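Each chain gets a letter, A, B and C, in the order it is written, and its residues are counted from 1.
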Amino acid sequence: MLKNKLRILVSILAIIFILISVYFALIYTPPHEIMGDVQRIFYFHVASAWISYLAFGVTFFAGVMYLKSKDFKWDNIAFSSAEIGILFCTLGIITGSLWARPIWGVFWRWEDIKLFITFVLWLIFIAYLALRANAKSRTSKANLSAVFGIIGLICIPFSFGANRIWQQYHPTILVSSEGSLQPSMALSLIISVIAFTFLYIYILLVRVDIEKMKEEIDKLKQKVGG
Amino acid sequence: MNAVKAIFLKELRVEFRNKQMINSYLILSLMIIASFRFAFSIIDFSITELASPILWISFFFGGMFSLSPIYKREIEQGTKEGLLLTPISPSSIYFGKLFANLFIIFCLELFILLLFFVFFPVNIPDLFSLLCIIVISTIGITALGNLISAISSNLSQSEVMLPVLLVPVLLFTVIMSSVSVTSNVFAGANIFDVLDEVRLILAFDVVFIAVGYLLIDYILEE
Amino acid sequence: MPDKILVANNIKKSFGFLQVLNGVNLTINKGDKYILFGSNGVGKTTLIKILSTTLSADSGELKIFGKGIEKRSKEIKNKIGFMSHEPYLYSELSAWENLDFYANLYSIKNKKEKIGSLLKEVGLYHRSNDRVGSFSRGMKQRLSLARALIHSPDLIFLDEPYTGLDIKAQDILNNLINRLNQEGKTFFCITHDISSSFNIANRYGILSKGQIVYETEGVEKKIFSEKYIEILRRESF
């Protein structure tokens, strides 16, 4: 009962904050001095990217907890979070490219460390989902994917290092596109990050519930079958 | 320690008595290098600049195929349970197989290196530094590759799943670093000029040997 | 009061939707030669894998030599031998090398003598240096028995040991079981085949629908066979 109430509360908060963030991002904040209106996508882009990092972090943590406890509850959380992570990561990459095109003149820059790390994370978690799809049993699915999730996250600092080394040998002229972030823009950004975080928690709760129901259906099927 | 040695020797015996297997690794390496030669025969390119990525991609794909059977074989022959029945720890299985794998991959890389020099006659200012970097990186690649091979051996479609799992964790970490460092060596640097980068690769080796030691239990258990 | 070597309590195991074992209770005493009969697909192999600690049960309690198996004890593994349906042998290695490999994993002292005498006992000494890949099913089976005995275990599990064995090889197996039994070793065997294995045992059980439905000691083969057939008939309904 309590859980249901919590879910409703989170969903209401998510809706309210999303509405506020839309207002703040599109109407309240003035257009950027250099980038103009294009910059507005930035509020949703940063929030998506943030959620993808958060989601992958949760997958890692839940994976560790699963290996410790062997409780499928944690495995369900890890899987659900990875799925949501992929979704937001894809959104983050698309919105980022849309923003980059008019600002940098290109959709993608390999030498940008944030883009690079996000791309690597995206690949790792696509591999993570592929692994789960090919597992032979429930236990092995949970075990192997938890181990792979842990390996994947440990790899990230090394990707970071690899990119740094790579940049040393391929020096590029950095286009200054930052401009100054006015207080109203910072506020909009914070609000949209909060809105997306509530949205993430809400989707995660629902997704985990769906997994739980699937498991119950399996159990019932088993009973009926013999 | 005894168990690690026993598994190491067993793996090498099994591997080297399977003549077709060793031969197909060698032939595959030849094909990979030949493909690169083909791809770069139609454009003008500077060998010194492209040598490093060509070499590492060849190592990666050549080595990947020798990683694939090392755990799968135990499952296919039904000997995995026999190993788990004995009182050895799963980490000795990991280390025995890791050392055997390293030996095989080193041999393979030497072969690829020779082929590479035949097809891409590049000038090497410092062979010793080049070999050092190859050895250091290969340890990390194999430590993590071995672990991933243990994971993929338990999956359906394991031949496809091995590269799917390997590319994101190896290519954008240790191999990317190695490519940068090796291009520097081809351009005239020696190992002491790139010590910071080498340290990163060494850290990768240490971290993933430790990860393998800690996590192999969870992979091998049913 | 007999020495209880193995006590299994309400062992359950399912694969996906399929409930294979549905609460197995079993006690094996020291010196037993226990045979468990059951038709194909009734969960015999699953049970023996669980008892030999190569597979973990979903629920239930298993104690071997008075100890729980949770902590993957080396002590228990050193005392268990398992001749499985799979021979657990490497076909690229010779018979001798296979046994030598396992002897190393069990850290056995004076392994040369041990391997030599075992190979003689299963009648494969003259093929010591031949690769297992060239062996017939029955020869692999005999070598697998030698493998299971390499560390002189106290409790030996046999999974369908008679399949693929000719009469001569069956005699070798039976003599070996009897001799080791007199030395105080305990045997637990599963099979679907009453004719070749009945006389060797002193305790009998029948596994049906994931449970041990019948247990007895020292009965006549004919009476037991009738009971077995009756249970098999009931199963098909």
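By definition in this document, contacts are C-beta pairs under 8 Å (C-beta built on N, C-alpha and C of every residue); 3 or more make two chains touch, one makes a residue touch a chain.
The structure presented is a predicted model; accordingly, all values stated were derived computationally and were not measured.
Interface comparison, B-C against A-C: more C-beta pairs in contact at B-C.
With centres computed from CA atoms alone, B is the chain lying nearest the middle of all the protein shown. In this assembly, C is the chain whose CA centroid lies farthest from the centroid of subunit B. Remark: subunit A and subunit B have CA centroids separated by 31 Å (rounded to whole angstrom). With each centre defined as the average position of its C-alpha atoms, the distance from subunit B to subunit C rounds to 40 Å.
Centroids built from CA atoms put subunit C at 51 Å from subunit A. None of the residues of subunit A touches two or more other chains. Residue numbers of subunit B whose C-beta contacts span two or more other chains: 221-222. Interface residues of subunit C facing subunit B in the complex, by the touch rule stated above, are 49, 52-56, 74-75, 77-78, 80, 82, 84, 86-93, 97, 101-102, 104-107, 131, 147. By the touch criterion stated above, subunit A contacts subunit B in their complex at residues 67, 116, 120, 123-124, 126-127, 130-131, 134-136, 139-140, 143-144, 146-148, 150-152, 154-155, 158-159, 161-163, 165-166, 168-169. Residues of subunit B touching subunit A in their complex: 144, 147-148, 151, 154-157, 161, 164-165, 167-169, 172-174, 176-177, 180-181, 183-184, 197, 200, 203-204, 207-208, 211, 215, 218-219, 221-222. Here subunit A touches subunit C in the complex through residues 137-138, 218, 221-222, 225-226, going by the rule given at the top. Of all residues in subunit C, only 14-19 touch subunit A in the complex they form.
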